[in-house]
């Protein structure tokens, strides 16, 4: 796949209703390859829903999603208007890795099996090839010695790092992080953020919903502030954290940073 | 299962009617046959004790045609035993009330839930130790029934060797065939059923080769279906059926015997036999 | 799975070895058939000799050997009703016509019959265990299919599964068995025993067993469907999402992620279902098969001995204990990761 596209991911007028509740009201976002974008905002703003809509864990109510400039999905009023063929969709979805707030590791499989599962089952890769790559990834997240443990033996921070390795094992082009440190004890947050920083440094395209303002300031190329289902403000970390233009952003940052 | 529920309902109805009426006129229970209230009888009833005054309460395992079965309405008992017991009660100047009961434990209920058991009960020496019997009101043999189109020759039970047979559990047929098998006289496979009707269904479906059953029951089946034929009747060891009465109720035994004697003399028993088993069978 | 931990079970193993050794010794010292029957009285012997020349035999010879103890009885039918009973234990033969010896003899005989010793597989405890284990096996398989159907997004499939479950849970097993054994062959014109070679004398039992197993498995499938469904639905939604985000199909998610995790959660309920079926197995009396309960009831009615229920209870408890232990092991095996 050559890099002949402009945006690796783009959304136009994405809306999402849960019944009569409008969670996303018109989200337009373009992501270039290699960009690291952090999405911040108060809870209930629709950040997670937006992220989950991108890899189809939620079906959007209306709007368009483009992947590599191709119209991946176009829906209006809860009906699909246009989309890529299923196989092509599936192929493009594999380019998106997802890390969940609650890790969601497979508890009945060892750390190594967790990482190897999808490449072997979904991509039909050879087991020894995958295992070698998995061990490499585990050492990259600092967990080589835990390969044969079950997830229940690991701390939350270690589990989240395994989850990152598991997503990376599919060789995605873009990684989605859904509040990856929110469920962790404070002293475990650092290890996970370090892995994410290292990943950002390696050129991975990343979309992170996060409450870690320090991380967003240090790592993000762009910060989006979401509130009430819209992107209320966006800009470089310096712009958002240094000189927020919108009242809501100011209030939010004030309340978060004061704690 | 249906029958068990039915029996419970009947005994409940009985209890209620007894409780409600006390010594008064007993209300007819669910199953009592409305025999015309008979005129005073000539038979001596002194010393007879009944569960319910003016009513002969009869225990019967209803579901053994043609001796006792339910009519098409599913609630009216009909059959040879039913007719005999009804006629006997009439002779004694009593109404009759049938209590449907499981064969297991039917004798335990005599004198407890009902006065007599009239349910194709074979008179045996063992049983005579624990209960009284009326004079026999029918003779019975063990018969082998085959499908009508099965041309096998059966000249004795020995010819059943190698066959698979069905019979009703805990009956004379069961005891006899089990003895043939356990002594090694013949090698047979026995399918023992709770109900005789299951045996005939098994024969019809081809699960078994033959049914061993009381000749009277076989006669009844032959009269109503031509799918089967009686291949052999064991004339040597006849059994006799009697009405079973509690050991402590000798006056009732005497009265019933007198009634049976009169019915025999009037030709009623023969007539009833012909009706249920066909005239040719006798 | 770790190797068997011998140290942890040392006491139990020693106890088991001692019990087995004692049984073997007592078993070796137990008088055999010849020893018991050598005591036969001359009168009885006369009848036995008479039988040799006639086809209609009169004497029933019974010999039951049960691990450490043996029992024999001779009884004649017809005009010369006679019976003799012997019990053999520790190298000695005891006359068992009355008193404690008689009760011991009866117990041996009842236990022997209820276990289905000396009979085919479709008899006594063997029948009960065989029917129950096969029913649970097929029931869980069928239940899994039905559960997947019921939670499926395909409406028709979900409706069919729900209807099936409704039907089989809403009607009695006894009637379902009647329908399978009596009605279905009646309509389609076949006999269950014809599924087996005509030369097989036991075909009739095997046929009835097949019909019973089909009815039991169809019925149990409906109950297991609910067990499997609730187990699947108890799995964290995050597991489905993680699998989906990794690109796994619905089938892959179910077979590789969800069902393996559900198994541990089903086991307590499947174990209950097993015990229910173990007891329901007595319904096979209705199609002429003899399980533990049926045999004990028969003995009670034919011999009037209420003692028969004691060995019956013991046999049931031993079966329940054994399978309870087995389910426990399986559950532990499937929860190593917790």
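Each chain gets a letter, A, B and C, in the order it is written, and its residues are counted from 1.
Rule of thumb we're sticking to: a residue touches a chain if its C-beta (ideal position, glycine included) is under 8 Å from a C-beta of that chain, and two chains touch if they have at least 3 such contacts.
Keep in mind that what you see is a predicted model, and the values were worked out from it rather than measured.
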item	value
Furthest chain, CA centroid comparison against chain B	A
Central chain (by mean CA position)	C
Between chain A and chain C, centroid-to-centroid distance (C-alpha), Å	55
Chain A and chain B: spacing of chain centres that average the CA atoms, whole Å	82
Rounded Å distance, chain B centre to chain C centre (Cα mean)	35
Chain A - residues contacting chain C, complex	55-57, 90, 93-94, 96-98, 100, 102, 104-109, 117-118, 121-123, 150-152, 163, 166-167, 170
Chain B partner contacts - residues on chain C that touch it in the complex	51, 55-60, 62, 77, 172, 174, 182, 185-186, 190-194, 201-205, 207-208, 285-288, 290, 297-298, 301-302
Complex interface listing, chain C residues touching chain A	236, 238-239, 241-249, 252, 256-257, 260-261, 334, 336-338
List of chain B residues in touch with chain C within their complex	1, 104, 157-158, 162, 164, 166, 169-170, 179-180, 182-185, 187, 189, 191-194, 198, 201-202, 204-208
